[in-house]
Each structure stands twice: as structure tokens, then as C-alpha cells.
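Next, two complexes with chain A in common: one pairs it with chain B, the other with chain C.
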Partner chain A sequence: MTTTIPRVARRRTTSRSTGRSGAAVIRPSFAWAVPATLFFVLFAVLPLVLVAVLSFTSWDGISSPEFVGVDNWKALIHDHTMIQSLWLSVVITVLGVVVQTPLSILLGVWAAGKQRNRAVLSAVYFVPLLLSATAVSVLWRALLDPNFGVPAQAKWLFGDGNLLGMQKSAIGVLVFVGAWQYTPFHTLIYQGATRAIPQVLYQAAAIDGAGTVRQFFHITLPQLRNTMITSMILMVVGGLTTFDTVLILTQGGPGTDTTISAYYMYQRAFKSFDFGGGSAIALVLVLVATIISLIVVRVSGYDKMRSTSEGL
Partner chain B sequence: MKKRAWLPRAVAGGVTLVLGLTLAACGGGSGSSNGSGTFHVLVYGDASNKVEKQIVDTFNKTSKVKAVMDTIPGADYQQKLQTIINTKQAPDVFFNWGGGSIQPFVKANLLMPLDGFIAKDPALKSDFLPSVFNGAVVDGKSYGIPMRGTQPVLLFNNQKVLKDAGITPPQTWDDLIADVKVLKSKGITPIALGGGDKWPTQMWYEYLYDRVAGPGLFEKALSGDKSAWNSADSRKALSMLKQLVDAGAFGSNYDSVKYTDGGSVALVATGKAGFELMGSWYYSQQQQDHPDFAKNGLGYSAFPAVAGGKGDPNDVVGNTNNYYSVLKKTKYPDAVAQFLKLMYSDEFVKAQLAIGNLPTTTNTPQFLSTSANPAYSQYQYDLVKKAPSFQLSWDQAYPPAAMTQIYTAVQEFVDGKENADGFIKAMQALPTA
Partner chain C sequence: MRRRPNYLAGLGSLVWLFLVGLPLYVMLAATLQSQSDYSENGPLSFPKHFTFSNYSQDFHNGFGHYFLNTLLVTLAVVAIVLALVPPLSYAIVRSRGRLTGAAFRVFLLGLAIPAQAVIVPMFYVISKAGLYDNLIGVILPTAAFSMPVCALVLTGVMRDITPDLYEAMAMDGAPPWRVFFQLVLPLSKGGLSTIVVFSALQAWNGFLFPLVLTQSDSSKVVTLGLYNFQTEHGIDIPGLLAAVVLSMLPIFIVYLFARRALVQGLMGVGGK
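Here is the complex of A and B:
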């Protein structure tokens, strides 16, 4: 394997030097793509197709799946929990983006600087990302216990501490815990992107008399545009598939107040053993995530990949 | 050119082959391991496995056909069981909760009725308390042999809190309401409730429905007669529960409290709450989390009687027991029958009592003094023995498909998000086998 790469490369140069035409000769054989394609087909395309097929069946996991036509889909349309769950997914995703983006931009830009304490604080700040989402949820669950956690000590702020017992505060907790864990990741992305901004821009701005704040709004932010979109798409996809925090913190409760689509899918398939209905929800989720990603890409012009370093 | 491409192709081919083989291996698995004179016993993986292992060892000492014990860790048990039960990897004998938990398997024609075994050895039935044995009877046929301890739900209390407030464990519903008012006026949460887990909330419904309407109402509803939920008794039970909630019995933040993370357990142990309705495993939980309190301050009583109610005040609800059920496809029914007979042996009873479980065999009383806490064991045993009816928890009596809907309904009604009509409608929509 190790010898192949130089061999192919060498061949490429020789063929070019001998003047043989045709890119087809130069391009590495399709065989190179087979392993990756195979993995993708086996573990992504095939399951997706199977889920699509399952969504037209009634299957409890014991007997063989029974074809029921569009029954699952019809039921979904009239299922108010499903409609509510989509709405909740969108709310949690949007709140996640709104909370995490400004925070991670500010932190990322700060962490890209050359302050003395920067490295240490950045490292500390990175820790939440290293923990599993489940562990983080268990931790916050204990910290937010109304009788023995923080709310019991700060009644002026939390009232009776019924944070997970009411819809608004439960959503707030989910967004907060998500942000606590994933902001460091996006901070890291912004830190890298900020470092890549050419210093000449800042030097020129400084000569023109722009202060730190103006430099931030007129140089840093526009330069981070593409990074912002990358980070937002990651947040959207992550937000729509939020699962572990809901499972540990609220279990979709109170009632169905935080039953987001991904959790509802799990509930239907693996708690109620209705794999047909669960598959239909899964497909809806795939569709919604695809549409939202496409919209983000279109609206932002990400597909055109305009460079931010034009004229440099 | 032909020469150049051989390596990448070989690599790709190799990868394909390896992948194919691995996947094939996944599919094949250990299907043939049932062949050579063994049968598999699948058990819910937890601390009680010690006893199950011991019984399997005892069985293997004398039997030619050997039993092999497999476990699946707690929370995933039902899911994993559901996925393997109709495959080659399915066990011969498996742990379950009786009632609705095995109903889908009975319907799929996978389970062996044990009436044949019982005809040959009547003790397989007569040596168990009837209210418990009946927990695994489906459509008049027996499908399970009790294989662990019974877990009735009791009303636990903090003796010191009650004493300081000048009250005693309630005998009647009116006593309970009065106690709630006294405790509330003293700034103590009257009753701890792990509402975040949802199933502890369900226990209040189970007992109230039983006390008000008797066990018949739920049996009727479970058998598919949805009008039961809309009966006058059903509405009365709901209004009584509402009355309790409105009296502030559970405080206001119970939905943020869980039993499973020790929240409600600590409330009672630290004297911040007076009562908690919970299964008999509560005692060992307190022993583990708050040993001093379990020893000196933990009191318990039966659920209060309801004046004018149709249910017998001696009725209990909870987990009747766990059961071993047998799959039809087993190759060694005779060996399995011999194995099941050990579930009423003296050795089994003693081993269960030693780890704090309370078996439900008729020979249990003679060993009660050897239990970890004889008084507590005796109390429970008498409670279960004299109970005319032992209602299996609703979430386990219904097929697994109904569980999340039950949880949502019980939580939303207690929270006031749904009124009685909403609750009744939700319960009527449940799938009934």
C-alpha cells in the first residue's frame, strides 16, 4: 500500500512529460473510491432505504413486518405530538444557534489573540467538549435538583426550582446544557478561522485609525463569514438530532413538552416497539434536516464559495 | 496500464472481501450453540443474578442437559429481548414481568403454555401464592413461574417527621388529606414524588382506582372495554387524586424530582418530606443511600382505605413478581421443567431472602426469620398473602406499546395540563393487546 502512492504519482509525471493526452489516464483508478463508497452504501444508503421501506410497514420487532401502505404516514399527519415535536426541534435548534453563535465568535476571536493567559484558559474552556453528552446531562441534572442542587440555594432566582417541570424552563435547560457543551467546539472553529485572517488587513485598518471594535465589525466578522455558515450548519444538524440531553434530562417531559422529533422517533421505535411509525418519523427528520441545510447553503451563498481574501 | 492498476484493485477487492466476511459473521453468530445438550436462560442483569447463578449451578450438578445463564443489563432488557426473541439467538427460558410484558410473545405464538408441566407436577402452581402466580396467566393459560421476589407498593414515611407533626400513618383517605394539611402548614413537603420518572406518579392512580372501583375496572379496561375509563368510579378516583394534588400534597416542583437519581429518596431521609409511595425495593434503596435513616427512622404502612370504595382495603398493587417463561422452540422441555421446579425449593427461598428479595412460595414463611430484615419481610409477606387482589403495575399490565402513552397521560393530568376528560380519552386510546 505504501509503495503505491509514489508509483502513481511518478507515473503521472512521466505520462505528462511524454506528452500523452487525456486526463482519464492521469486520474487514479475508480478502484480507490470503492472502499469509501462501499462503506457509505452499506452504512448510510442501505439503512436509509430500509427505513424508507419499513415506514410502509407495521413491525413490532418480533414477527415479520407487515405491509400497511401509507397508514403510518397518514397517522403521522394527524399526530399532534409529531407536529409539536417538529416545532420543538426547530425551536431548540434556533435557540441553540442564537445562543451559541455570538458566544463562540467572541470567545474564538479572543482565543485567537496573543494574551498571556489565553492558552491556559482556552484549554480549561475546552474541557466540556471532551465529556460525553450523557455524562454532562447527568451532571446538570444533579446540579439543577430543586431540593438539593443550586436552585435550592438560590430561590430568589429559581423560585421553587421546578425547572424541568415546566415547558419553557425545560427547553431553557436543554438549550443551556447544549450550549455549555458545544460552544467550545465552535469556539475552536472560530479561533482557527480568526488566526487565518491576514494581519495586513488589521495593520491597514490601524493606520486608517480603526479601533479594536471597528476592526472586529469591519474585518473580523466579514472574514469569518464562511466559517459562520459551516458552524451554523453543524449547529442545525446537531440541534435537529439532539437526543442524549433530552433522554437524560427530561425524557420528553413534562408530558410531551420537550418530546423533540429525534426523541419521539426513539420512543416510537424502541419504547413502543412501533418500528414502522418510528421509521416514518426518521424519514421526516431526514427530509427536514436536508431542506434546512439546503436553505442555509442557498441563502448564505455558501454553494458559490466566494473567497474572503479577494484582492489580497 | 494493466500492470499499474493491479494493486489498488487488489486492495479494493480485499476490503470488499473482509467487509463481506465480517457482515456474514454478524449474521451467523452463535445460532448453533443450542445444539449440544444445553439450554439458555436469559435474565435481567442486576444484583439479584447471584441467586440465579447459584440455582443454575445447582441444576447443572444433577442434570445431563446443562443450563447456561445469559444476562442483559437492566435498562435495555425489554428492547434486546424483543429483538432476539424470534431469532435463532433466542433463549429457551427468559425473565419477564408477566402480564403485558409477555402478551406480544403469546400472541406471536412463541411461548409454551406451562399447563402441561403443571399437570405433571401440580406444585409448580400450588406452591406459589395465587395472586402472584396469576400475574403470568394470559387468556387462561399459565406462561410463567415466579422466579424472584414480590414488590408490593407501600406508603413509606419518615417517623420523626410524623412524630414532630403529631400525626400517624393514615388509615383512611381522609386521614391522608388531614396529614397533608398538617405537614404543609409546617413547611414540609407532605409527600415526596419523583414525577420526573413518571412511573412513581402512576402508582397513585393504580391504588386510587383499586380502592375506589376495585380491581374489576382496570381488568375491564385492559380486556378492551374502553367504557371502563369513562365510568363514574373512574371519574371519582381522578377527582380524589386532583383533590390531593390541589391540597399541595406533592409540593410544586415534583416534576423536576426523580426517584431514580435519589432525589425523592433524599427528601424523605432528610425530613424535607413526610411520605413517599414506592415499591418495597425502597427499603434497600434507603439502606444504600441513607443507612442510618433506614435503620432508625423509616416507617411504612399500607395504602389508606377509601370510605365507600368498592375495592378491598387489603388489595395491593405493584410488581407481583418476575417470571421465567419458556419458548415453544426449546429442544429440552423436560430439562426445563426440572429447572423450573427449583423455583420453589428451600435453597431458592433462602438465597432470595438472604439478598433481601421476598419470594412468593408457600414455604417462604418458615425461612422469614433468616431474612436481612425479618419484620419487614414478614409484613410484606402477610400483606401479599392476605391481599384478595394484587394489581400488576399498569405500565406492565398493558403491552409495552402503551407505556409512554400511559406515562404522558398520568403526568399531564396531575400537572393540570389535561382535565379528567383528556385523561380518559388518552387511556381509551391505549392499545390493548
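Here is the complex of A and C:
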């Protein structure tokens, strides 16, 4: 016995060292990564650098950009609409997370069950995923039309029906439409994660006499912790960059009541032809998104991940 | 697992079914009746006279052409992603070089660059390159912005190929390109189909880049067509909703026949 173990161990180390010490294994060079990296740098990273440069210029989109120093930034700090737009972005994002997270966890755990009726209903639940953000916004705009939409037919529920005409209800509509569109996606994430929870845990809990509700709170929820982080981060990044919904449903209105940062940037650049000011807003957006993403990468350990089964 | 049916959950699921199903029903019902019928009966009633004229009218208004444009953009984006991302992921997984590690971090950070943030400089670059109002100008940034997720997904899949297989190929003295084509690609088919679906969806549903980088009718894609329809003839709700149905039809067909691949593609990062 005592003699066989070292021999096995030695054999293993030798086979590994031939693999590592390299005569046999030829690794791909950096050249394999060059085309993709170059393409990405050219069409994503470089524009990002350029947005910083443009934020110090005045440009109407037609003539050449002119360097104006920190004028755009000075104006931005004193711009009420900008400060309001950041606040609105935060409100819509937080409301989105608060509404979508419990919904998608409940639906995801429910859909993870193997029952036949659940499979059939889940198939219907996922249909909103097939629509683009544009299509969803156009659909709800039509459905909520005060004259030809549902509110006109259900006055007992909607009052005068002009939901997009007041700030509170307009924000409500944006959050609702966002939830309608994205909850199925997060449900899908939670469904997959729930199915990956080892059944042994539930069997052990059942032996201990834990019912469905206790199993949910003491096994399912703690096991979904990492998934919750991933899903919430996606919600935050998605929420901060909400654009299509605002453009199509409210155009930032009434007035500037729903002008969130991403929409304000578009408006400044492409509607008021103040591309320099728009760039400054864009840079603020990038900074916020980057900080969040750095936190994500740290918290979730994406960069250290070695296998797909980790971190689920 | 559970003996007792969960009535509360059943009730909740029916409420959600109602919230998801009703708008979809209203949409379909509206598209199958004339505009006057719709405004007379309201959105919640069942259509009395069925008609497909809304759909044919949409094609008459140029949607067929927008479809071709979207299809072209989608195919080109998928082609670019398929050509560039697999070698990248292979290098990330197998190369020990510092540069490759740096490249991977660039893509990880790129995950967080919102497309909204770069539309102004993108407009500048694309205009300077003479690609404004040209589908190529839409294709290039769309492909670039779907690359981080694709790289992450595919890298995850390729990491699960066991080192023994690489060593076996090394014994035969196989150069990297043979390892890539004979080992890595065949073993990452699942990941490849995920990135195809993901990038195709990004391209098919893309709105922001076409919105700021194209202008004329001849380079209009479906999503932009929807938006313009809404701003110009928003009052023709049946026609508008028919266009919405048309825009999702191809994806719906994929959903019916390749549900698994589509779901994986939709999940992108989340599904990994």
C-alpha cells in the first residue's frame, strides 16, 4: 500500500509537467485575439475616448468641432434638467429593481417546477422577450392611448385616462412597461438557477419537516444569492440606460418630467444639435456605468472565473 | 417533489398570465380588424369582421424593404461575430500571455459601456468615414457592442474543455489552428449557437444605432420603421400593431422551433 501511493502520485506529476513545461503543448499566440480586440477598440473603446474629447468642444454636427474648454461642464453643473434627469434615472432604476426582483424570483422559482401546466404557462410568459424594446414601447403606447386605447374603455379604472399626461402616472407607466418587458428575462435567469439547486437540500429539509414556505426562505433564497446579484446589476445597468421606452412613450414629457439622463443626452445632441453638451452628459453616464460594472466584476468575480458552473 | 398543489402560487401565476396575455391578445385582435371597427368597438372587444388588410397595407408602406435591411444587418453582424469571437475566446482560454489577459479585461469592461454613451462620437466617426445613412455604418457598431457578451459566453464554454484533450492533440504535434478547428470549435457548438442567437437578436432588435446613423427610407430597418410609423400615423393603431406583430414574427418562428437555443441566446450574460 505505502509504496503504490507515491508511485501513482509521481506518475501524475510527470504527466502534468510534460503538459506545462511546454515542449509538447503549443499555446496560441496573442495574434489570435488581435482581430477581435482591434475591431472592438475601434468601434467601442475609441468612441468612448472621443466622447471625452468632444465634451470639451462645441459642435453642431455639421461643421468641425471647436475647442471650448470646460464650458459644457460648467453649464452642466448648473443645468437643472441634468440634475433632475439623474434623479429621475435613479428613481426609475430603483423602482424597476424593487418591482421586478420579487416578481421574477417568485415566477422563476414557480416556473422551475417540472409540472406540465407550469411548462405550458412559462412558454406564454416568455413571449414578451421576443419583442424588441421598440415594439414593446409602441405596443403600450397604442394600448394606453387615451382616446383609442384601453383607458377609454375602462374609465372606472383609469379616470380621465391620460396616464402619460402627469409625472407620477407617467413614471408609473415607464416602470410598468419596463417590468412587463424585462421580468420574463429575469424569470428565466431565476428559473435556471433554481433548477441548479441540489435536490438533496430539499430532501434533507423535508425530512426535518420543513414545509414549502420554509424551504423557499431557508434553501431557495440563500442559494439564489449570486443570481440575485447578477440579475440586479443587469437591472441597474438596464434601468440607467432606459431610452427606447422614454423616447416612444413620453418623449421625456410632460415637459421634462420624465427626461432621464440617457434621453436628455439624445435630446441635447440630436434634437438641439448641441453635440458637445450631449457628450458631457454621455460621459457622466459612462462614469456611472463603469463604476457599477467595476463593482460587478469585483463582487461576482467574473474575471477570476474558471468554469461555467462557478458562480451560478 | 411536492405532493400538495400550491394554490396561492397557481393564483399568482394566473394573474401574471392575464397581465402578459391580455396585451398580446389585444394586439392580435386589433390587427385583424379595420381601423374604423377598432375605434368603434374599442380594444377589448372581439373583432367582428376579420381582415388582413392591415398587414398588406404595412407591406405596401415599405415594411418589406425594411425587413430586407434588417435581415442584411443581422446576417452581417452574425458573420462578423462568428469570425472574430471564437479565435479571441480560444486565445483567452489557452494563451498565457499578458496581452491576452489585458484584451480580456478590455472586453469585460466593455460589458459596461452603454451604447447610449457612444452615440455622439459614433455619429462623428461614421459621418467622417462617409458611412452615414449606410447599413455598413449600422452593422459595425452593432457587431462591436454584441462582442463582450459573446466573448464572455464563449470563453466560459471553452474553459470547460478538459486539458487532457489539448495534451492529446499536442502529442500529435498539432499546431494551434488544428487544435482550434478540430478540437475547440466542435466542442463549443452549444456556445457558438448561443452567440449566434444573441448577436442576431441584438441586430434584429437594434434601434439606437439605426436611429442616429441612418436617415433615408432606403436604409431604414424594421425597428426604425415602427418608430416612424408611430410618430407619423400613430392614430392608425391596427396598422401600427400589425407592424409590431410582423417585426416579432421571425423571432417567434425561431422560438417555436429552436426554443432552447433562443432562450440561451436571450439570457446572454445571465445564462452563461
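Structural remarks
Definition applied: the second predicted complex is superposed on the first by the 265 of 312 C-alpha atoms of A that agree within 3 Å, B and C clash if a C-alpha of one lies under 4 Å from a C-alpha of the other, contacts with A are read in each partner's own complex, and residues count from 1 in each chain.
As a working rule, a residue touches a chain if its C-beta (ideal position, glycine included) is under 8 Å from a C-beta of that chain, and two chains touch if they have at least 3 such contacts.
Here the structure is a predicted model, which is why all the values come from computation and not from measurement.
When the two complexes are overlaid on their common chain A, residue A:Ser132 makes contact with chain C while staying clear of chain B.
Set against each other, chain B and chain C differ in how many residues of chain A they touch, and the higher count belongs to C. Within the superposed three-chain model, A:Gly255 lies in touch with chain B and out of touch with chain C [touch as defined at top].
Of the two partner chains, chain B is the only one that A:Gly161 touches; chain C does not reach it.
Contacts of A:Leu144 after superposition on the shared chain: chain B is touched, whereas chain C is not.
Of the two partner chains, both chain B and chain C are touched by A:Pro28. In the superposition on chain A, A:Ser63 contacts chain B only, with no contact to chain C. By the touch criterion stated above, A:Gly209 is placed in contact with neither chain B nor chain C.
By the touch criterion defined above, A:Lys271 reaches chain B but does not reach chain C. Residues 25, 28-29, 31-32, 35, 39, 42, 61, 138, 141-142, 145, 148, 270 of chain A lie in contact with chain B in one complex and with chain C in the other. Partner chain B is touched in their complex by these residues of chain A: 1, 4, 7-8, 11, 25, 28-29, 31-32, 34-35, 38-39, 42, 60-63, 138, 141-142, 144-148, 160-166, 250-256, 267, 270-274. Within the complex formed with chain C, the residues of chain A that make contact are 18-19, 24-33, 35-37, 39-48, 50-51, 54, 59, 61, 65, 103, 106-107, 110, 113-114, 118, 121, 123-135, 138-143, 145, 148-150, 152-154, 180, 184-186, 188-189, 192, 199, 202, 212, 230-231, 234, 237, 240-241, 243-244, 247-248, 262, 265-266, 269-270, 275, 278-279, 282-283, 285-286, 289-290, 292-294, 296-297, 302-303, 305-309, 311-312. Across the interface of their complex, chain A is touched by residues 1-2, 4, 6, 9, 12-13, 16-17, 19-21, 23-24, 26-27, 30, 38-39, 42-44, 80, 83-85, 87-88, 90-92, 94-97, 99-100, 103-125, 140-141, 143-145, 147-148, 151-152, 156-157, 159-160, 163, 166-167, 170-171, 174-176, 179-180, 204-205, 207-208, 212, 223, 226-227, 229-230, 234-235, 237, 240-241, 243-244, 247-248, 251-252, 255, 259, 263, 266-267, 269-272 of chain C. Of all residues in chain B, those touching chain A in their complex are 1, 4-5, 7-9, 11-12, 15-16, 19, 23, 79, 82-83, 85-86, 104-105, 108, 110, 195-196, 198, 251-258, 261, 263, 266-267, 272, 400-405, 408, 411-412, 415, 417-418.
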